[in-house]
């Protein structure tokens, strides 16, 4: 039986940790660390997206970097045209307005996920893993061949995108924005998983024959979850590109898919706040190990291997008891 | 020689005041297929710092030839370590990701290797100094040389990234457009079977290729194994000392263009080559010479001004008041070098082939984009 | 487009395909028998290449290096199976993906620590250097022909192994019913180790052979690994025959697509655009082929009896 109150407490601490760290960095005048906390929040958001497919839906997508990248490119291309005063496909002007860019990112990811999902969701298990990976590679090569937008070299974003009423160039305001998006998404996710749709998705994971016998076809349920999941990850991608001032094919590389997955697992699969815990842990490991040795990924690998073999349930599993999942 | 030492000592004394709290960040490629370029830039740079007895802090980071990594390292060095000067990037695509943001933010960037055309023309910047060459330069020289040699139909190839486009543009600007074929390969590609087959099937009478680092090694080895016998030409990047060591006799007789050669006759160069060999036990490549020049340029400017006084420091850099190992060195209006480009030939050396200076291709070459720059 | 050029490019495609087969056959065997997805298969390819480069460098004999590369990869495979993989057979694919992803990080960074970041260069052995004239006017490097020959021999050997030997029978039994082979008195633990080491050895062989052609460096196995995944998805996971057909299909499609699509587009588009569009479509072609095949046959061309 999961200890709900303890999990709630852990979740609250996790959430407070981010603004506390950002404000401390602000007080110390360390811009770098404010941006680091923004990065944690963004990476967590990407994980929240994948978590819907992976945790709630049991769909092991090894291709979420494709959606992360699509979001990034939406932001990058829009900003590029805004900077150049040129037109996208000769039709649409660029923009630096975040709401417009976010809608573009969400929409393009939804379309891509519909296509990829429609084919790969016909398969299960290991096929699904490899096919999502292969489709992500295809998008990766597409990005590489996108010469008008830098191709292999990627696209620098010279202007940070704007939000009405805010100065997004100010690191702490940008953090507030990112954190706000994360909070809203977490709230929305809790509503989704708690809804009838969430119950159907749960059932599709556990026993799709029973779901089918109750008159609901599992395929559209899974496809919907996959598309929503892709959209959230794409939103994170748009913010990530903005934070870095750069978007390139590496955003779509399969290592990135692996990292997003690692974040979800490290935190705890299928738990609402798992990705937040995972992102904090992952980036802390990166900063601490990276500051200590050039070969930090070796140790990251060991930690990860240990976590898979011996600490199932991830960080939240350790902190807040075993989850309802598995 | 004596005069040189005197100048160095004078610079040293003057510099020590400004150097105390100056920080230099170096982002370069130390792992992966392009690592020997970054290693040589770093070693050349650090050799100059050591010879000057400088106590300036140099923070060195590896970008693994990934633009996104370079970009985040630059953010870290500027925001967290608060460096005054950034340098070290090898690859043009990485430079494009990093340099515009860094220079716009008020940090100085000195390029020891990449010179993308996009940063030389209308997007030139007062805080951006190129101590190597504008990307087109060596290829322009080779284009002019091959035309003068009576080559009719070269097959030309380069990797698909900004320096690759610049290379073939530069080549054709002097040679003309009449080539047997033109291929852009993937950056980092290591299997050239398909391209070699295509070259063999064409009516080419020679090959001009710009394939730096591991790409050049792979291409030259596979080309030699394919049985094709067209003469090879290229910029020095395709035939540096490390590449020659790896490909061996397959490269003998090849002509290549360079702004520097280790047997270039001037006192600063002789001292540099000797001390580099003594310290690292290998012959320096052009990358090492560029790293060495970059460090000496920084040291010469630090001797005159503090980087916190940006205008004074910028003016000091622009004077280029240092003994370049390539002989004459001056900045054009766009902060890119005006320099001679030489032709070298690959000849048999001790155990492995080596480059030998054979002539000058173009004197006082200034890049084609300088006029577009409003500096 | 002349005939000799076409033959050469076709051979280039087959050579890539044969390399992919060596990778894919190990992956597909391991999945077929143990139900395990192994991302770290590319690391075994890399281990084979690094060992071959080191041993060739110190002994001067490529043959010794090649042998050492295969053995080192097989031993590394056995070690990995014994220490990590056997804890994962009962787990879901997610755990397997993660654990083997962790292994990639560990092995890649470990290799970088031992050998440094700079690539190693391995020369084609003298006996196999140079090119030979083929009927039809094509001229082709001898070493690449040798790779094709070795690959086809290995394919034949694998078919015989599986069809004719006791080990092959156990493998087939394992693929169709894992509980049954235990009942037959087969030592499953050692069968699994042997199958894993076999797959690892084949990956090491591929790495060592390709290493002499390209360069030996950290991360060299990853692009090949992903292509191998495409191969086994197309061929049908668990099927050696599918792996062979899929590998040659992917190798040839990829090579010919990259070369001829730009030319094809050159007929209707101006040269610079044709190169761009053609090259981008060329690099995505195998994934499009995969999508089409999966849309028609979700279990691949030769679904294993799983």
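Per-chain residue numbering starts at 1, and chain names A, B and C are given in the order in which the chains are listed.
The working rule: a residue touches a chain if its C-beta (ideal position, glycine included) is under 8 Å from a C-beta of that chain, and two chains touch if they have at least 3 such contacts.
For reference, the UniProt names are A, C = Branched-chain amino acid ABC transporter permease; B = ABC transporter substrate-binding protein.
It should be emphasised that the depicted structure is a prediction, and the values quoted were computed from it without experimental measurement.
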Longest centre-to-centre distance from chain C, chain (CA-based): B
Result of counting contacting C-beta pairs for A-B and B-C, higher pair: B-C
Whole-Å separation of chain centres (CA-atom averages), chain A against chain C: 31
Rounded Å distance between chain B and chain C, as computed from the means of their C-alpha atoms: 37
Inter-centroid spacing, chain B versus chain A (mean Cα positions, whole Å): 39
Residues within chain C bordering two or more other chains: 112, 279
Interface hub residues of chain B, defined as touching at least two other chains: 62, 160
Touching residues (chain side chain B, partner chain A) in the complex: 62, 66-69, 71-72, 75-76, 79-80, 92-93, 96-97, 100-101, 104, 160-162, 186-187
Chain B-facing residues of chain A, complex: 30-33, 35, 150-154, 156, 158, 244-246, 248, 250-251, 294
For the chain A and chain C complex, residues of the former touching the latter: 54, 60, 62, 119-120, 122-123, 125-127, 129-131, 133-135, 137-138, 141-142, 144-147, 254, 258, 261-262, 265, 269, 295, 297-298, 300-302, 304-305, 308-309, 312, 326
Chain C residues within the chain A interface of the complex: 31, 37, 84, 87, 92-95, 97-99, 101-106, 108-110, 112-113, 222, 226, 229-230, 232-233, 237, 276, 279-281, 283-284, 287-288, 290-291, 294-295, 298-299
Contact footprint of chain C on chain B as seen in their complex: 30-33, 35-36, 39, 62, 64, 160, 184, 190-191, 193-194, 197-198, 200-201, 214, 217-218, 221-222, 225-227, 246, 248
